[in-house]
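Below is one structure, written out as structure tokens; comments come after it.
Residue numbering begins at 1 within each chain, and the chains themselves are lettered A, B, C, D and E in the order written.
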Amino acid sequence: MDRQKRQLQILDHVDLTLKEAEFVSVVGPSGCGKSTLLNFIAGLTPVQSGAVEVFGAPPGGTEAPLGYVFQQHALLPWRNVLQNTVISLEVKGIAKAEREQRAREMLTVMGLDGFEDHFPREISGGMRQRVSLARTLVDDPRLILMDEPFGALDAQTKLLIQEMFLKYWEENRKSVLFITHDLAEAVALADRVLVMSSRPGRILAEYEVGIPRPRTLDQVRHMPRFTELHDAIWEDLRGEALKAMQGRA
Amino acid sequence: QDTKLNIGVSVKSIFGLPLVVARDKGFFKEEGLDVTLEYFSGGPPATAALMGGSLQFLNGALENNVKTAKANQPIVTIMNIQSNYAGAIILRKEIADKLGRAPKVEDLKGLKIGTLSRGGFTDVSTRYILKTAGIDPEKDATLVPIRGADRQLAAGKAGEIDAAMVTEPWGPIAVEGLGEWVYVLNTTVGQGPVLFQDMGYVVLQTTRDYLAKNRPVAEKVVRAIVKAQKFIADPKNVEEVTQIALKEYGDSQPKAMRISVETQAKTYVPYMNEAMIGKTMDLLVPNGLIKEPAPAYKDVVDASFEPLWKAYGPVK
Amino acid sequence: MMDQDSARQVTILKVVLLVVIVGGWELSARFGLIPVFWTSSPSLIAVAFWESLKENEITYHTYITMQEALAGLAAGAVVGVMLGLVLGVSRVLGAALEPFVIAMNSLPRVALAPLIVMFVGIGFASKFLLAFSLVVVPIMLNTYEGIKAADPQLINMMRVIHAKRYQVFYKVLLPNCVPWIFSALRVSISFAIIGAIVGEFISARAGIGYMIDSAAGAFDTTGMIMPLIVLMVLAFSIDRAFVATSNRLLRWRDEALS
Amino acid sequence: MMDQDSARQVTILKVVLLVVIVGGWELSARFGLIPVFWTSSPSLIAVAFWESLKENEITYHTYITMQEALAGLAAGAVVGVMLGLVLGVSRVLGAALEPFVIAMNSLPRVALAPLIVMFVGIGFASKFLLAFSLVVVPIMLNTYEGIKAADPQLINMMRVIHAKRYQVFYKVLLPNCVPWIFSALRVSISFAIIGAIVGEFISARAGIGYMIDSAAGAFDTTGMIMPLIVLMVLAFSIDRAFVATSNRLLRWRDEALS
Amino acid sequence: MDRQKRQLQILDHVDLTLKEAEFVSVVGPSGCGKSTLLNFIAGLTPVQSGAVEVFGAPPGGTEAPLGYVFQQHALLPWRNVLQNTVISLEVKGIAKAEREQRAREMLTVMGLDGFEDHFPREISGGMRQRVSLARTLVDDPRLILMDEPFGALDAQTKLLIQEMFLKYWEENRKSVLFITHDLAEAVALADRVLVMSSRPGRILAEYEVGIPRPRTLDQVRHMPRFTELHDAIWEDLRGEALKAMQGRA
């Protein structure tokens, strides 16, 4: 079936096709266009040249079952955890009882039961990012775009949330396009890692991770393949990252 | 059912006394009128209120009507309220004391004289008086416009002005009440240029449109006010009028108020005449506040009310 | 952040300051250091207040002024918020209108008294309009700022979940403005009162401005200052109540007003 | 952020708005939709402006008013900044004084005119004082806020390098206030002008307020509106120049004024 | 000599002595008091009970040769890079020519030559943190306190700056007390890692890293000792980190 394969073509000879239930990480120096890529796919930025297709349709279509997790949680500060989680269902016009039930279930999966009434400012950064995940996942998207979702968390919280998300994903495989600066994260979570060059963004290299699933982060760290991939990618990127840092902010 | 009316008074000043008496003595009521007096912070907003329809009548300076008539605005005067300019030039006591005699207008040479606002009645009158005494108001004296008579006295106390042109009852308040000033010239008692006598100082105005539709009401108003003017003029009512004035204008200076009422009592007369327009022009033209030619008497005054004025009786 | 200790110090200092100001004024007046005729004194003011209270005068005039001010504030808030929202939603229009609005707002309203009286008459309307004209622009500009300050990421989030434009408006832009509107409302309280009083100076039969004007005409400094102080206390209490209410309503915010 | 395209649209819309406002006013006046006697018209105003310019009148009066306003602004800035710094450095004193200052600031200054005349007389001083009294409090409060807003981490950094108190003050607190002071100065420009004009309404022999007052006495609406418009344009130009200067001086900041 | 050993005693039975030229990392869950510990030592927070001694004197003494690198760069936004770097010398009253020369040298070491005239807002996050390092190091402190100095950087920039700092430190050994949430960073840089418990902060465990110097990050990643320590510390902390995240922010 042609909806099994999603055709995504972007920007400066960036040619990328995501398979159903595949987890693809994208790494690249700051400012190389990673976020722009996601915005093209989500239909947030109009495509100037080239073609982007999401489930066979142009991006931004009203029915595209897309989820987007941002680096900053993007929670509405005046809504409590539950009200934030239901927003996509609310916008769709799903009845209150149903949407709240679904949201509560997803919050439980994320380990947030008991915090439904809290405002975003009252919970920790790690919890906020999990609410943001719950909000995206409750809508049951077929493709999840994630733009450095754990980039703003402290290292330990990040480890915890990576573990949780990895477990969830392995149980509910969905297509994921995951942007990160963290090479360890990219390798540990994904099936495939794309390395982008600095502006104008091109795909420099592509690695099949090849670590079997189900994984746990602790195991992965011990695998020679992990360190090997990490080194290889860092080899690709070191020069670009240095350039990116020395450019103006 | 009484006719409700709003009558404006351009400044809260004792020149509106006939209206206050007509209200408090029930003369309006006798005519079937329910009158509310509205005080303003000057002629322009009051005239604006009259034209905008918030007021049916306005107690304001004749000069305002002369100016509006020249600008073809449909405002007309239907009676006189106070015929003489009720003002006085006062001088600070310590300056007067140095003279060692009663001050004269000539003594104002080189002094700073407070007025109410530039181009306003006190300002042009001061200039006129100075000129008649041979003093050039531009070169030989400094005229300082200060909003509000209380501020004039404050400015005098602060040493900012030496003399002031004040309207009633501020003359008596400053001289007899506070004892810090002395009179130089008091037009209310007939001193100074004759121009200030029988000049149509403050008049009752309305719009031509209103008059066309409500002539009977206008007649009732005129009748009530004429009755009040007559009441004020009667010497045996001085005490009662003083009490009414104190209640309306503040009771801090009862002695001064009584003097003010007594000296003004005979200046509240309803009569108008063609010479009044000329006197107003004589006052305004030299100051560039209005240009010749003068508007016709009939464009300013509706003399058809003259029969009602006569109820006041003869004037000496 | 302030610890309990400093908080107590502040409270004590406030009381001390109040005592010094009021006491210093009273004593200077008693010992003739300042002329009572022009500056009155706290005890004279207190007596005048008590007299006025007994005759129900100050209460009545305060009621009138507050009525004008609050009506102007309410109308200014409604219109200002609506205009601000329109400008904020249509950014081009907003950016184009902004300089005109600011220029208009820098005019001294008192100078326009004849125009106001001509078009809206005297009575309630003119005071209302002055209060309104002083508050509508700040409220409008703040609402506009509130819309502009909305986090673009929140709007992106709404677009990703296919929210309609009106949903973005009601669920993101509008709530985002609320703290901005509240802070504009707070400063507008005293603007509205000043507007009402200036209106009363042009022409009035009642209100604090009328009391002050009458007292000025009667050479009564105590009578001028007393209503001003009542007004000051009132404005201050309203401000406190407003801050308390807004901190309750906006408890989702990081920072509270103080 | 605005792209070039919208920026052009905004400029076009501004011109269109200006034309519509001025043109609409002129046409309504010509066709008698509004009473010219009370509302004047752009062409009458232009003629009056030209006449006044030829006689060097408007320039002279504008000069007088601006002198009063700018003197008041300058003095208000100096005193306001100093007070704000004192309050900010001594946080207990600042917190204690704050409510008094706010209460004072909510008084309508116009009502205090007789007292002002009494104490400083008429002439330059009273206008200066009114302008001063309107600007000093906002500048003081903003300076105070600027001190309070200093990043505690910067102060910690200074303490770690053993900076003396005066060094912390000169190298951190003071520069940190500068943008806050500038933004207070910006809003204070129109406050100072309003103060000067209100002062001129009470008593003056020259200045924009005097021109307006004289024109009002002569029922000359054109003569009243013309100086107001000159003032508006002037205030607007000063604002633009100020924004440009401050963006140059404060180019270390993340966000520019607009 | 007694100044060779610095005695630092803090808070809830936290007993810690730093050796000359030793690099000690401290990890622990959020809110356990790590920053408070540094503030005690720096004399920023007065000590309520117990004793802190810095070079044999109470903390906060005017002459203590301490440096402090904060998580947020704490640069003065109105000063350019050079002016920011000289501040500690300026406060000490060192002549302009000398202080600028020393600052320029240190900026060169940090790879920032050519950026002296830039304001903080004009350079990237990684460069700002390097200016902050240069400002601290130019004063030649004997003890450097570092509070999550690289915590706010993106993962790649962090790798670059870690490398640079590691190299600098190995050439100019100074005592360092380094707080981080990032276990990999803690292990890779330090001689000794202290693990703190959640509030009230106590020292849970102490590990000698034992990886020989000079090190490079790439090498370190391949060493079994690295993964082993990482796992051990994570074992100690996982539960605490979870608790810290679920508490209110």
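Rule of thumb we're sticking to: a contact is a pair of C-beta atoms (placed from the backbone, for glycine too) under 8 Å apart; a residue touches a chain by one contact, two chains touch by 3 or more.
Keep in mind it's a predicted model, so treat the numbers as computed, not measured.
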item	value
Common touching chains of chain C and chain B	D
Steps needed, at minimum, to go from chain C to chain E via contacts	2
Interchain centroid distance [CA atoms averaged], chain C/chain D, Å	19
Rounded Å distance, chain B centre to chain D centre (Cα mean)	39
Distance between the centres, which are taken as Cα means, of chain E and chain D, whole angstrom	48
Touching two or more other chains - residue numbers and ranges from chain C	38, 114-115, 118, 201, 216
In chain B, residues with contacts to at least two other chains	44, 47-48, 51, 148, 150, 154, 157
For chain A, residues contacting two or more additional chains	121
All touching chain pairs, where touch follows the definition stated at the start	A-C, A-E, B-C, B-D, C-D, D-E
List of chain D residues in touch with chain E within their complex	151, 153-154, 156-164, 167, 171-172, 175, 178, 250-254
Chain C-facing residues of chain A, complex	39, 42-44, 62-63, 66-68, 70, 72, 74, 76-79, 87-88, 91-92, 119-121, 139
Interface residues, chain E side, partner chain A - complex	27, 29-30, 111, 118, 121-128, 148, 151, 154-157, 159-160, 180-185, 218, 221-222, 227, 230-231, 234, 237-238, 241-242, 244-249
Interface residues, chain C side, partner chain D - complex	2, 6, 9-10, 13-14, 17-18, 21, 38-39, 91-93, 95-97, 99-100, 102-108, 110-111, 114-115, 118, 189-190, 193-194, 197-198, 201, 209, 212, 216, 221, 224, 228, 231-233, 235-236, 239
Chain D to chain B touching residues, read off their complex	35, 37-38, 113-114, 117-123, 201-205, 210, 213-214, 216-219
